[in-house]
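A, B and C are the chain letters, set down in written order, and residue numbers restart from 1 in every chain.
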């Protein structure tokens, strides 16, 4: 018995079940801090508890089912592209108020493009990038008035004030 | 006949060169707004409100209305082309529409969407002309109990939407419902699940979740193999729908229009249900339901006609009673007030030219949008035929700016990243984002209405079944749930037999 | 010698130049007006009207920047951190300045010291409206009904701690009655339910209710300000018809981050006074149901403090909470 591994028949159900369980349990724990109330006069903690309970139930079923009912394998996980794309966006969010729209856009585009194997420095793509940045600045900031700094707070002292608006 | 003379009056008002021009401006702006993620018609109209001060009232309303339903058309465009639903109503269009685009049928999907929307718009113009006042009366009868039951029905419809395992559909729905609760609880003022972060105090914006799970998640998945040349099929099989497409879209368009018209008149949440209610309906009764999930024309025609119908019918409570069905209508009321017009039943009698002019302009606007959008299809298709490794960074740029522009907060961008990661993980686990998104939209509304209904009935849950409309809706929901669950039991039993 | 003369000339020139430099007008570049609410609401629309007028006067754009969220706290936090050079100002309202400090315990800014009041712009009286099927026409009848059926009279508001809620709380206090609070996500949905008869009454803004009043879908009982509203001169006040001394309104006003130079504050105040009293801004505000009223920096600061004490008391007494 000791050397018979427990076979997970359906990895997808297994992991999904775990995720549901984790989130559901966390929600129940956080929700326990809110007033529960009674069914006739529910407090803020009532619905979260019921829903989290439902999620936990689904998680348990999925988890148990993963050992019994076979399902397909998960397949390759694209760790590198995922990390690259996600960090590119994080970088954008970080740079936008500090370094301004131009820098943030360039960072987002270049970093995220690196996730693809076809990433190369071509003059046409660079030109396209320039056009894209210009387009965004004109349409979003000038045209629609979305308050995004073209040049952020780090660079503000170095740029003449008339460029800022 | 009275109706014809009224419509004729309306047309004569709406078809003046000045009003035609403003209608065109509105439709054009609306389409552009709809295509750009994040910026929605409400924010745009708010920004343009001061500019309408100098315009005659009819013209300003026509333009603002054009922005509103133009945005519906534009939102479908990005949903189909790049799987980015900018509005709640285009989430469902993305499901089938983008699948069609991946198979080179983007042009056909876009055309079907435009034509279905136009049909719905035309029908609704007549419906409004004929039945506006009585329909508005029905809308008022909907109290919290009725709305709650409607949301329950919508929730069951979300489960029907799921292609794969019913269990995971439930899981995703629950997850979405929970996420929707983040923020301030209306009924008690308590902050829930916000960890003291003030950006979360008003809840998570739908656009953030949609961009993350649909946009970023999909992009990461497409980058899996590192070779992105086959993400979109290069050979585009014609820009125009085939005769077969046309034949298949008739019934779904009719059904979608009917459903959207009914739901659209309900202020506060009716129209959101229209598109996925229509999709769920099609999925259950269509002859081609086995194609759903791989690009079925019905899956584009039904929700598109439903959401356009819903959008137009939401004018009814505004025009006849002065009750805004959604934030955009509230702004339109503001525009009318600024011009010195009191929205309400008196508009019909005191300002018939205004009333019928706006209604007639709706049809003209729909016509303009079809004329605007159909030729653009060629351009859109060309645009997405750009090599994917150049396209996806552009998509990311628009997602990021769109999300940032919601509240000018970098925090929202970080949150989108979280959902992007989650979206990819769930994709790998075969858990669909659509039911989660729908649970996200419906969850807070359901809770709000339920608690309010109980508050008003002093804790008596029986009110949900003693009120006739509410009872009917709950019974429908129950039946739909049975329909969904019973076949799946059959299925898993078969599976077990096959294995064992 | 030539060098000495040049030097003296230069020094004289500089001295001449200094007063000229001091007279460089404010503003010399666009100004940002932060609005801590989403576009389209009462505060936002009023802000845009004012911004337009100030732009005309200053020949520089005044940009309205919406920073909504957390009942205004997000916008306030943002504005409080802005450089106090006069180029960032903020349109606050009674909620953000006088109510939130008592409602929220952990504000990211110091409500007592973070802002320098510039000017009050307008008062927004509320109207007590009831659903037509409710047989009540005066405040007296309303109070009698409330006393006969304690807890039965349901009223809708735009949320716990909102101006609508506090007006009702003050009413309960003054009249000695118990009403049932039904919160909504905004004034609009609340009014909708009053029209439909699902709830019985509400204290709502004139903007949201005037159309329905005209079409008899709602009945106005009284207005909550101490004086009658110019937008509805025939409607008596609550004070006139049942609760002497009752005065509960909302208001909007301009503020600047603390540390903004006094002469800039005074100038903005003076220009705002001009906009309110000498342009059609007043009319536009009245059309929106607001009563234009200018108060300068000191008087405005007084109002903020007075309201904070008044509503702070009610909030504590009634245990109104927005954790």
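Here are a few things to note about the model shown:
What we mean here is this: a residue touches a chain if its C-beta (ideal position, glycine included) is under 8 Å from a C-beta of that chain, and two chains touch if they have at least 3 such contacts.
In this text, all values refer to a predicted model and were calculated from it rather than measured experimentally.
Chains A-B form the pair with the most C-beta pairs in contact. Distances from each chain's CA mean to the overall CA mean are smallest for chain B. Averaging C-alpha coordinates per chain and comparing to subunit B, the farthest chain turns out to be C.
For the pair subunit A and subunit B, the distance between C-alpha centroids works out to 23 Å. A separation of 34 Å divides the Cα centre of subunit B from that of subunit C.
Within subunit A, residues 145, 147 each touch two or more of the remaining chains.
Across the assembly, subunit B contributes 47, 187-188, 190, 408, 455 as residues in contact with two or more other chains. Among the residues of subunit C, those touching two or more other chains are numbered 65. Here subunit A touches subunit B in the complex through residues 12, 15-16, 19-20, 23-24, 27, 30-31, 34-35, 38-44, 47-48, 51-52, 54-55, 58-59, 61-62, 65, 69-70, 72, 74-78, 81-82, 85-86, 88-90, 92-94, 96-97, 105, 108-109, 112-113, 115-119, 125, 128, 132, 136, 139-140, 144-148, going by the rule given at the top.
Only residues 42-43, 45-47, 49-50, 140-144, 184, 186-191, 196, 198-199, 201-202, 267-268, 321-324, 327, 330-331, 333-334, 337-338, 340, 342-346, 407-409, 448, 452, 455-456 of subunit B touch subunit C when the two sit together in their complex. Contact residues of subunit B toward subunit A in the complex are 36, 39, 44, 47, 167-168, 170-171, 174-175, 177-178, 181, 185, 187-188, 190, 192-193, 216, 219-221, 223-224, 226-229, 387-390, 392-394, 396-397, 399-401, 404-405, 408, 410-414, 416-417, 420-421, 424-426, 428-431, 443, 447, 450-451, 454-455, 458-461, 492, 495-496, 499.
Subunit C contributes residues 38-40, 44-45, 48-49, 52, 65, 67-71, 73-74, 77, 106, 108, 154, 159-161, 180, 182-185, 188-189, 191-193, 195-196, 198-199, 207, 210-212, 214-215, 217, 284, 287-288, 320-323 to its touches with subunit B in the complex.
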